[in-house]
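Two complexes follow with chain A in common, the first pairing it with chain B and the second with chain C.
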Partner chain A sequence: MSFDAIVRGRTSGGRLLFTTITALSLAIMYAPVLYLLLASLNPDAQLGLVPPSRYSLKWYFALLDDGRLAGALRESALVGLATAALATPIGLSAALAYRAMTRLRGVFLLVILSAMFVPGTIEGLGLSATLRVVGLAPSWVTIAIGHLLWTLPFAAVVSLIGLSAVRPSTIAAARDLGAGPIRAFVDITLPLMRTNLISSFVFAFLLSLNEQARAYYLAGRQNTLPLYMFGAMNSGASPTIYAFSGAIIVFSVAVVALVFAGLVGQQSRRPRQAPGETSY
Partner chain B sequence: MPHEPGLGESVGARWRPAGFLLALPSLAVFVGVGFIPLALIATWSFWSFDPDTYWIKPAWSFASYAALLDNGRATVFLRTAGLAALTATASTLLAVPAAAVVGLLSGPRRAALLLALFTIPFFTSGLVRAFAWRLVLGRQGVINNALMSLGIVETPVEWFLFSDFAVLLGMVAAYLPFAIIPIVLAFARIEHSVIRASQDLGAGFWTLLATIVLPLVLPGIVAGFLFVFVVAVGTSMEVQLLGGAGASSISIMINDVLRVVNFPLAFAIATVVITLLTVLIIIANRALRLSRLFESLGI
Partner chain C sequence: MAHSIGNGSPPGLFSQLTRRQLVQNGLLGPGALAVGSLGLPRAARALDEINFWATGTLDIGDDGWRTFAYDSGVKVEFTDNGNDPGPVVAKLAAGNANDIYDVAGLQGGSEKELARRGLIAPWDISQIQNYASVWQWAKDIPYLTHDGKVYGIPTVINADSIIAIRDKAGSVDSYGVIFDPKLKGKTAMEDAWINSVIFTAIYLKNSENAKIAEPGNLTADELGLVMEFLIKHKRDRQFRTFWNGWEQGLQLLANQEVWVMTGWEPIVYAARMRGVDCYYAVPREGYEGWANNTILLKSAVVRGRTKAAHQLVNALFSGFYGCKLGLLRGYVVPTDNNVAYATAHANAFDPAGVRKLADHVKQKFAGKIYWQNTRPDNFQLYETWWQRLRNA
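For the complex of A and B:
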């Protein structure tokens, strides 16, 4: 138990019960995927675990020879980068707008966040029908348009959190020294938010990379990774699909963990806010 | 000369016209990519299929809405909602203690680590996480192998996989963070002094929880339940990967209807779902002021 916990002292078994439930929650979230990862290192063609001495990346190397996979990877990377490159600045502008708003900011935030809850199938259906009427043929562009709406709420929240940590006195100092609002933003706010903007980009990229329901409706002839993977999963289990799944998971988790570590590091380097000082 | 910002007045307040301009790009995305397509399919749900173009024509009709509950579609609606409600209930029951561990029982370092662990899956492939359950629940999965080697069962238990049970488990594992995060945000809004005071007055853990903490975080709990419910209503991959033969959900039904190019019916199903979900979110927001949850992020 760490000293700073809010509830201290006797908890009459509550702590034990709650910790057990937390461990159970983490187990159902992580255990199946961990098992899949270990099973993907089994060099035999059958499912199951082997002793660590027999671990092999055989099926991972087999992925490299899969031409259709390379096409899907390229398509997903293209869509993900385009989505993230748009979602990050638009999310930042939404965060700045929220800060600058004096009225209706709650409604504005709710509107931006609402996109998170539109079922992917329905958004994909609506957007593909609309694009059909507009005359835009399905391609990586149409997928990126769909993914932009999906990733924007996350990008906006990450920017908002970063913005809330920029101290108003710092901005005020820059303004007193003669910087205009734009100069203060570029020279002070943006550098202070660097970690959050990188996080925003990475999160948007990963959300796009792993998104399936919208892409199902919006993709053209070239599948994205999840579309390709979904087909492979339903056409019978093969060791390569475990390796494919494992590679996607390891990549996503590693990238998120790096970003989280960066965010935490930034948090601990930041000077504590003076008492009574409001956030900018 | 710029005036000094006073207490409760943010520096940004000076940028009032800028606030609107800065909101434009995100609102354009919301309207152009979100609102207009949904409004269009709501309109088109009253049009008719055009066999000449394999698309729709503006011949107004209620036929799609009349067909909404035919061919067992009512059952699919009810089953989807039922399974989503069950998922939301199970997720909330796990999320309240987990959020309490993050928000009340841990120091800042462990709280941050746990929160990271609960957030990471958001950004990983839902497809892979659902698929992984096949290896755990299948005939030759981990659980059946363990049960058989312990001699508890002699033949593999069949209902673990390709069943509602598997779908429920897959959805709870996938959407649990949607329940935990609003509750953690609600915990962060509790004044520590209130907890200290109640402990000083002799309240034990359970009294503290029942009389102080739970009433204060109730909006977060309801929000968490609602978020999981809404996401679970809209998903299809868990049902497709883990559900039994013939298992369906609203999203799968939309795909099926589109396969026979019945566009107006697909649009009608989508419209009904979106309308119900919107009403649900608006009611909850009225009752609980959901946007306040974000105040604890300091935003």
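For the complex of A and C:
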């Protein structure tokens, strides 16, 4: 049994090794999340696991009485939807621009992606100062602007992935049949990228929903959800905060699972690329 | 002593609540107050609105603010600022905080810097009648003034020390227990230099005879001494962790992962409610005193909100706010008006409980106190050292 064979997973031992590593990694990644989720069903004030027979939605129902939480939820939803609604088409435009470019593509992509690596605090504070200079009052709009900068690279990458799967021959066929560039884009490219665009929207929304550092400096009088939770945890949180964390986890995982299922479904329906055919 | 509110109230929610609970929860609306059920002086009127941006420590909840508004004539729009002085100062200096908030509340120490930079305005004490009732030693906190003017109003005051689990740590009366090798891995401090550095400095000054003049404002050499001490103990695995935020601090105790730690007194109450037999130690080296101070943002003056801001601060010391805050969080507003208010409104608050809380805090301040300072002269060096400790 060669080392190369093990590394390539061609032996049962190699497959077992990599399966074990993967399972362990996933367990380490998700154990805290799972723990918090189960602990949120503990009806006692103390965070911890209880027998399933004692599970209760008590703290989830208590969430309904928290007016400020509801306000923060509304603010985050508004910001998230606005962010996603803008990031998706702009991300798609960036992907299309990248595809159309013949020179400096790498630089363009680097510029687009670099926003991912700017620390949130610095970006938030800098943007806050800039928006102040231009006279834009702090509100959900200013948070959405900050979140747009944050989510745009992700949206562009998701669009690029979708675009790369659009076969040039399909577009060429549409053009041969008389479709103009806009018609070909609307009738061919967009439908083929539909799931990626939905993914882009959802990822942008979820990223916005969970973002704190930028929102702190850009928020108006109404805090967003992460800001509310941070404050609550620093000044005597009730166990409802566990329930709220649990609700956010379930919501986020469910949305991502739906998108993933859609992506897999779309992939299975796509025709295979012809040998030798290049994609974008 | 449960009795229902209102004659002939239908059985149900109201019949299950005491009058005291209703007032404490702010369920009595202006109508009830106007007929004198609380003995409050005024009928409903147009309210001034103040955007109050402060740590959650100063929050009395939506229901509390409703009663407060009726009582004071000032409607408070409260926004939590996260309790970390660094970002608060940054948002005031370079961000948009001055555009949207009128009054802020944060841990004391930043006032001089904010005043020097023209970001906050001095208070006109003559417009705050209840300021006369504020305990003198609270007024004397060294960080409240700049150029002879009062920039910080001590709104909530307390003194911190060590939390100990009784059957694990025994009798604790010194910060030395945090560094005791016998408790290796069972001690913790907060992941915040504004607390942990001063605690260590107080200990080194008083029990190790270290040359430290003012634990709340260390020179570069003194700070180096303190930080090397902490780093050494961290490398020796003395600390279970450096906790961050109320919830983590509480969990460490509730799960008994640590037996002693420096921390906030309300965590003791919360841990007891979760079944942990813990107590707050009286350290022979002295307490770390802290105040959450109210500051007037410069833009509030520009926007013509000065009068309403002073009205707000005056009402913070009128008694109801202190009673409500004490009930909700166990914190003390430094005025005897709380006791007077509770006595006058014994149907709403327990006068004995309010007095006990005030006496408890006064007792702490009768001994040695070293004031917390969130902006010492070398604060950037503090940041550097603290990062070094985290990496150690």
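Here is the rule we use: the second predicted complex is superposed on the first by the 254 of 280 C-alpha atoms of A that agree within 3 Å, B and C clash if a C-alpha of one lies under 4 Å from a C-alpha of the other, contacts with A are read in each partner's own complex, and residues count from 1 in each chain.
Rule of thumb we're sticking to: a residue touches a chain if its C-beta (ideal position, glycine included) is under 8 Å from a C-beta of that chain, and two chains touch if they have at least 3 such contacts.
On a predicted model such as this, the values are computed, not experimentally measured, just so you know.
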Legend entry - Clash-or-fit label for the pair chain B, chain C on chain A: clash
Legend entry - chain B versus chain C as contact partner of A:222, first or second or both or neither: second
Legend entry - Partner chain(s) touched by A:125 [first = chain B, second = chain C, both, neither]: both
Legend entry - Which of chain B and chain C A:53 touches, first, second, both or neither: neither
Legend entry - Which superposed partner A:231 touches (first chain B, second chain C, both, neither): second
Legend entry - Superposed model, chain A: greater residue contact from chain B or chain C: B
Inset, instruction - Pick one for A:138: touches chain B only (first), chain C only (second), both, or neither. - result: second
Inset, instruction - Classify the contacts of A:68 with the two partner chains as first (chain B alone), second (chain C alone), both, or neither. - result: second
Inset, instruction - Please indicate which partner A:97 is in contact with in the superposed arrangement: first for chain B, second for chain C, both, or neither. - result: first
Legend entry - Those residues of chain A which chain B touches in one complex and chain C touches in the other: 47-48, 121, 125, 129, 132, 216, 230, 233-234, 237, 241
Inset, instruction - Report the residues of chain A in contact with chain B in the complex, numbered from low to high. - result: 1-12, 14-15, 17-19, 21-22, 24-26, 28-33, 35-36, 39, 47-48, 89-91, 93-102, 106-112, 114-115, 117-123, 125-127, 129-130, 132-133, 145-146, 148-149, 152, 156-157, 160-161, 163-165, 168, 171-172, 175-176, 181, 203, 206-207, 209-210, 212-213, 216, 226, 229-230, 233-234, 237, 241, 245, 248-249, 252-253, 255-257, 260, 264, 276, 278-280
Inset, instruction - Would you mind writing out the residues of chain A in touch with chain C in their complex? - result: 44-48, 67-68, 121, 125, 128-129, 131-132, 137-138, 142, 216-218, 220-223, 227-228, 230-237, 241
Inset, instruction - Going by the contact rule at the top, pick out the chain C residues touching chain A in the complex. - result: 51, 55-57, 59, 62, 77, 79-84, 87, 90-91, 94-96, 99-101, 245-247, 251, 254-255, 266, 270, 273-275, 329
Legend entry - For the chain B and chain A complex, residues of the former touching the latter: 2, 4-5, 7-8, 10-16, 18-27, 29-30, 33-34, 36-38, 40-41, 44, 55, 94-95, 97-98, 100-110, 112, 114, 116-129, 131-136, 140, 142, 169, 172-173, 176-177, 180, 190, 192, 195, 199, 204-206, 208-209, 227, 230-231, 233-237, 240-241, 250-251, 254-255, 258, 263, 266-267, 270, 273-274, 277, 281, 285, 289-292, 294, 297-299
